[in-house]
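Two complexes follow with chain A in common, the first pairing it with chain B and the second with chain C.
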Partner chain A sequence: MRRETPQRLADYGPLFFPAMMLVVFFVVPFATMIAVSFFQRQQGGFYVPAFELSNYQRFISLFFANVLGFSLMLAIAVAICCVVLAIPFTYLLTRMARKVQIIWLVALLSVLSLSEVIIGFAWSTLFSRTAGITNLLVMAGLMSEAKALLPSFGAVLTGMVYQAFPYTVLVLYPALVRLDPTLTEAARTLGASPIKAFFTVVVPALRNTITATLIMVFIFALGSYLLPQLLGRPQHWTLSVLITDQAIYQSNMPFAAAMAVFLVLVTLGLVALTVMAGRKGEAA
Partner chain B sequence: MTSALSKVYFFLIGLFMALPMIVVAGVSVNAKQTLAFPPKGFSPSWYGEIFLNPEWRNALLASLTLAILSAALAVAIALPLAWFLWRRIAPWANIFQLLGVAPFTLPPVITALGLLTFWATTGFYGQPWTAVVSHAIFFVTLPLVTLSLGFTAIDRSLVEAAATMGADDKTIFRTVVLPLILPYIVSGYAFAFVLSLNEYIVAYMTVGFIMETLPIKIFNALRYGYTPTMASVTILFVATAAVIFSLVARFGDLPKLLGAMSSDDT
Partner chain C sequence: MTDFLKHNIGRRAVLGAGLAGVSMLAMPSILRAQDKSLKVGVYGGYFKDSFDKNIFPEFTKATGIAIEAVAEPTGEAWLVQLEQAAKAGQAPADVSMMSQVSMLKGQATDLWAPLDVSKIKNASNLIDRFVNKYPDGRIAGIGAVSWYITLVTNTDVYKEAPTSWGAFWDPANVDKLGLLALVSNSFLLEVTAKTFFGGTNALDTEEGIEKAFTKLAEVKPNVRLWYRDEAQFEQALKSGEIPMGQYYHDVTGLAAADGNPVRSTFPKEGGIQDSGCWALSRASQKVEEAHIFIDYMSQPSIQAVLSRKVGTSPTVKRELTDLTDAEFAAVSSDIEPIIPRYDLYQTKSDWLNQKWTELIVG
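And then the complex of A and B:
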């Protein structure tokens, strides 16, 4: 059956249920959130309809600038670490036998599907004094006594890289698996070492993929809301943590909504900027 | 030398991925209620605790119910949409494809907060079924992506042949399209199911004050009292995810599902 334009109203039938669900339960809630961000907060956690900009005015403070700056910096650091680790890994993975690939993919999917709660719990155990990795070092005689490695920035970064690494591999996988193997073969025939061929042929051929992956991992890392809380100190809290905190514990929905709207705008803005920069780079 | 180097690299990455799970597995078999590693004594009783302790059992049942229902609803939303987009030329309908991908792409806290304000405004806040709908919308992306991929793999001439022989749309869908798309329905369902089982923030913001799913229960235990049961639940979750994804790989083409070409043409 060829694809046809819908002729009768009945042809739109299959679209009705999905469209209704997505509009009612995604578009409307999103719009509600934007509306609430202008509402006025009342004592006791309720809010009344109003048109106030005060929720947004609260952003103009040094505290907020610090949190935003830290969130962006952390997400960029996670994105760079993951992409640097994942490119050689994924490249080598796609060159392996299909059976081996499947085992790794199942393992990566299993880690990827883990709850942030579980990842946070696992790493806080691993970095703790009583059950941590330092106990193994003591047993091996490398350290004199066990100590806690958290809360610290290193713990937050490690946890978030752990969370985002499988995601990065799965984003890179389709592009790398379709990469023409004759490219590297040609480089090898001409005398390049495998490592040289990787850096001079594979990496440049993937420039656009790498940019796109960086953006996707960056957005993924921006969404992390529990790991900074579980593994870091309050100064390591990100915008996502603050939004959850305001919405749940401070019961200030309008302010939480305003921060969420702001986070969406920052995310979209950065993506647009990077895409534009990528286009310019290509044209040049 | 490069093959040795790549083996070392794979070993280190594998260790990085497995290390937290090894420690948690060790913690989960402590004899007493401590989170010591290496474990002091050996006792599998913390695994029994998941099913015997009513609090953990209720959380497990709540999580399972939520995952089973919301993954089914997600597939019910994604299947007609993917079918329509494959069957018809209607460029404006692609907006719904975008809407289906958006909830999962944006930071999860945003989708969670949107749904929280929505349920609070409409007065349904705290009803258990709101969590099912919320998860279905949040995870609709997964079946939508696998199903769109599945439809592009269907040879249109098969469908055309059926149409020439006089089958109508409904018959074609039931006898030709459905059997071909079934593996993709199953894998889309599996992805949504596993992720729903592990999801914390959306569940917490919609029904967190009324009921506890397992991730919420683990988080509360992190705050108000550590127990090795947290570790045994974690291991149970990893094992469940690994088994489900292995089954998907066993009965479907996992590399292809994740974007590689099918095994026939490599």
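And then the complex of A and C:
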């Protein structure tokens, strides 16, 4: 089939529907949010249209800087953990028999069907003192008494990595399947150990995929607000938790919107930096 | 051609309107039925289900007024909807059950139609604090239901019931408490003021509130969970994972009745009593019916039914009801309660929220 450049307006027809959806479900809500972030909060009421910067002013403080910093740090940690775990896992998976691969992929997909609430409650039971995994260690004689592993940063990180891991594998899987096996074979015949071949050939060949995966998991993790509440202490609450508090419990839409806009801007900035750094690396 | 089209549409519209008008006149029963009905807003879920089942059918039987129950969302979303509708002269519900903070916020915009107590004979049964008044004395709302938040413990871990909210501050209870996560639903500032500073009047000034915050900060090392989700704490309390905290008195009683090792204690400083009011939107045309409804709901016998079936504490004086000691104890207590300082959550809400978040997150 020959592809022609669109000549008439009608040729753009198929684009109208997705474009309209994008406008209705993304551009309009996002623009509304930006507008509301400048509105005036009425304490003890709701809000009135206005143009003022006080919502942003309130956000610019050491307290919120710390919360924002923690949220970004948590999302980066989740992204790195997921990618570090998923690359070897997916690499080994692609080397397995077709049937085994299918079973693994179905199992991973079924994790995606679990809601954040179920994942949160399941991990909070697993990490509890009364019914958690430490009881097994006590039975095995490895620990003297059962203890609670939550609330803690480790518990939050575990829950979020568990939630994001299937996505990571699914994004990495096509790239790793398509990776030419002769590349590693060549490395092996030239005398590299399997581990050395993996790090000097497979990982560099996947650099762009890895960057893209890191960004995807990072953004996915940044929006999480339930797991930090269920598994962490208040100092592990992300900015999303505070946004929810303002929007739902304080009816302070303008401030919630300002925080959300700020979060989006910082995220876009970080993603842009990552992409630019990747380009530079390629050019060198 | 265009003329013909216009004409045609106009004729159809006239015909349509005429037909609608004739059918309305032909069926006056619809109009009459509409006169004898009332739209009542109740919190969706458990409350609405219980009211639909136990209260509204009896009311209709007794008065001939049909009730259309409207499920209202919790939080302040309903207040906002009522306000905006009232500005347009509409009332999505005539009478609504409103939280105390929402009552105050509605007062600020004159949203609530003043109630005429001479038409509500049973209002004299109410405990005084359940009559919600405008600053100038007009009556904005009448207490609908109330409930208690108390000191709850796991009986396996605590053999002896604690007697004071002071237990939260006991260094022996490190990492053992589950408390509500928001300043406006945990009411811990009031608890602190009552327990250590002689009463909630200590919160009148900002210095007083700062002092309460400082005292409350001492509780932080003892808190394992700041919860927004009730199921999360309830489950942890039953298993003994988090053996102490604040929770709803009636729900804890039900859990104990099911054989779970939990108990609810009214501390000597009193339980926290929160409540909801019936309030009438100023846009409502059903003023007569609304008064009949509120009067009906304020009867001691109906309040007793609510206590038995819904688990709420009566808003009328105890001696007027026929509740047995056991039935009364299941939902309430004679110990003077801690009444939340709702006015603070209206006038200082952003400041309190900021201080609170910094306290628990920082």
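The criterion applied here is as follows: the second predicted complex is superposed on the first by the 258 of 284 C-alpha atoms of A that agree within 3 Å, B and C clash if a C-alpha of one lies under 4 Å from a C-alpha of the other, contacts with A are read in each partner's own complex, and residues count from 1 in each chain.
In this section, contacts are C-beta pairs under 8 Å (C-beta built on N, C-alpha and C of every residue); 3 or more make two chains touch, one makes a residue touch a chain.
Given the structure is predicted, the values throughout are model-derived calculations rather than measurements.
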Will chain C clash with chain B on chain A after the two structures are superposed, or do they fit? clash
Does the superposition put A:L230 against chain B (first), chain C (second), both, or neither? both
After superposition on the shared chain, which partner residues are touched by A:I248: those of chain B (first), chain C (second), both, or neither? both
Under the stated touch criterion, which partner chain does A:A148 make contact with: chain B (first), chain C (second), both, or neither? second
Just chain B (first), just chain C (second), both, or neither: which does A:R41 touch? second
In the overlay, answer first, second, both or neither for which of chain B and chain C A:P88 touches. first
First (chain B), second (chain C), both or neither touched by A:S128: both
More chain A residues touched by chain B or by chain C? B
Using the superposition on chain A described above, determine whether A:P204 touches chain B (first), chain C (second), both, or neither. neither
Using the touch definition from the top, say if A:P181 reaches chain B (first), chain C (second), both or neither. neither
In the superposed model, only one of 224-232, 260-268, 314-322 or 332-340 in chain C has C-alpha atoms clashing with chain B. Which one? 224-232
Please write out, lowest number first, the residues of chain A touched by both chain B and chain C across the two complexes. 121, 124, 128, 130-131, 230, 248
Considering the complex alone, what residue numbers of chain A touch chain B? 1-6, 11-12, 14-15, 17-19, 21-23, 25-30, 32-33, 36, 85, 88-89, 92, 94, 98, 101-102, 105-111, 113-126, 128, 130-133, 135, 139, 162, 165-166, 170, 173-175, 177-178, 193-195, 219, 222-223, 225-226, 230, 240, 243-244, 247-248, 253, 256-257, 260, 263-264, 267
Given the complex, residues on chain A that touch chain C span 41, 43-46, 63, 66-67, 121, 124, 128-131, 148, 151, 229-230, 234-235, 237, 242, 245, 248-252
Under the stated contact criterion, what part of chain B meets chain A in this complex? 2, 6, 9-10, 13-14, 16-17, 19-21, 23-24, 26-27, 34-38, 76-78, 80-81, 83-84, 86-90, 93, 96, 99-100, 102-103, 105-111, 113-118, 120-121, 133-134, 136-137, 140, 156, 159-160, 162-163, 172, 194-195, 197-201, 204-205, 208, 215-216, 218-219, 222, 230-231, 234, 237-238, 241-242, 245-246, 249, 254-255, 258-261, 263, 266
Quick check on the complex: what are the chain C residues that touch chain A? 75-77, 80, 83, 104-105, 108-109, 181-182, 184-185, 224-226, 228-229, 232, 236, 239-241, 346-347, 349-350, 353, 357-358, 360-362
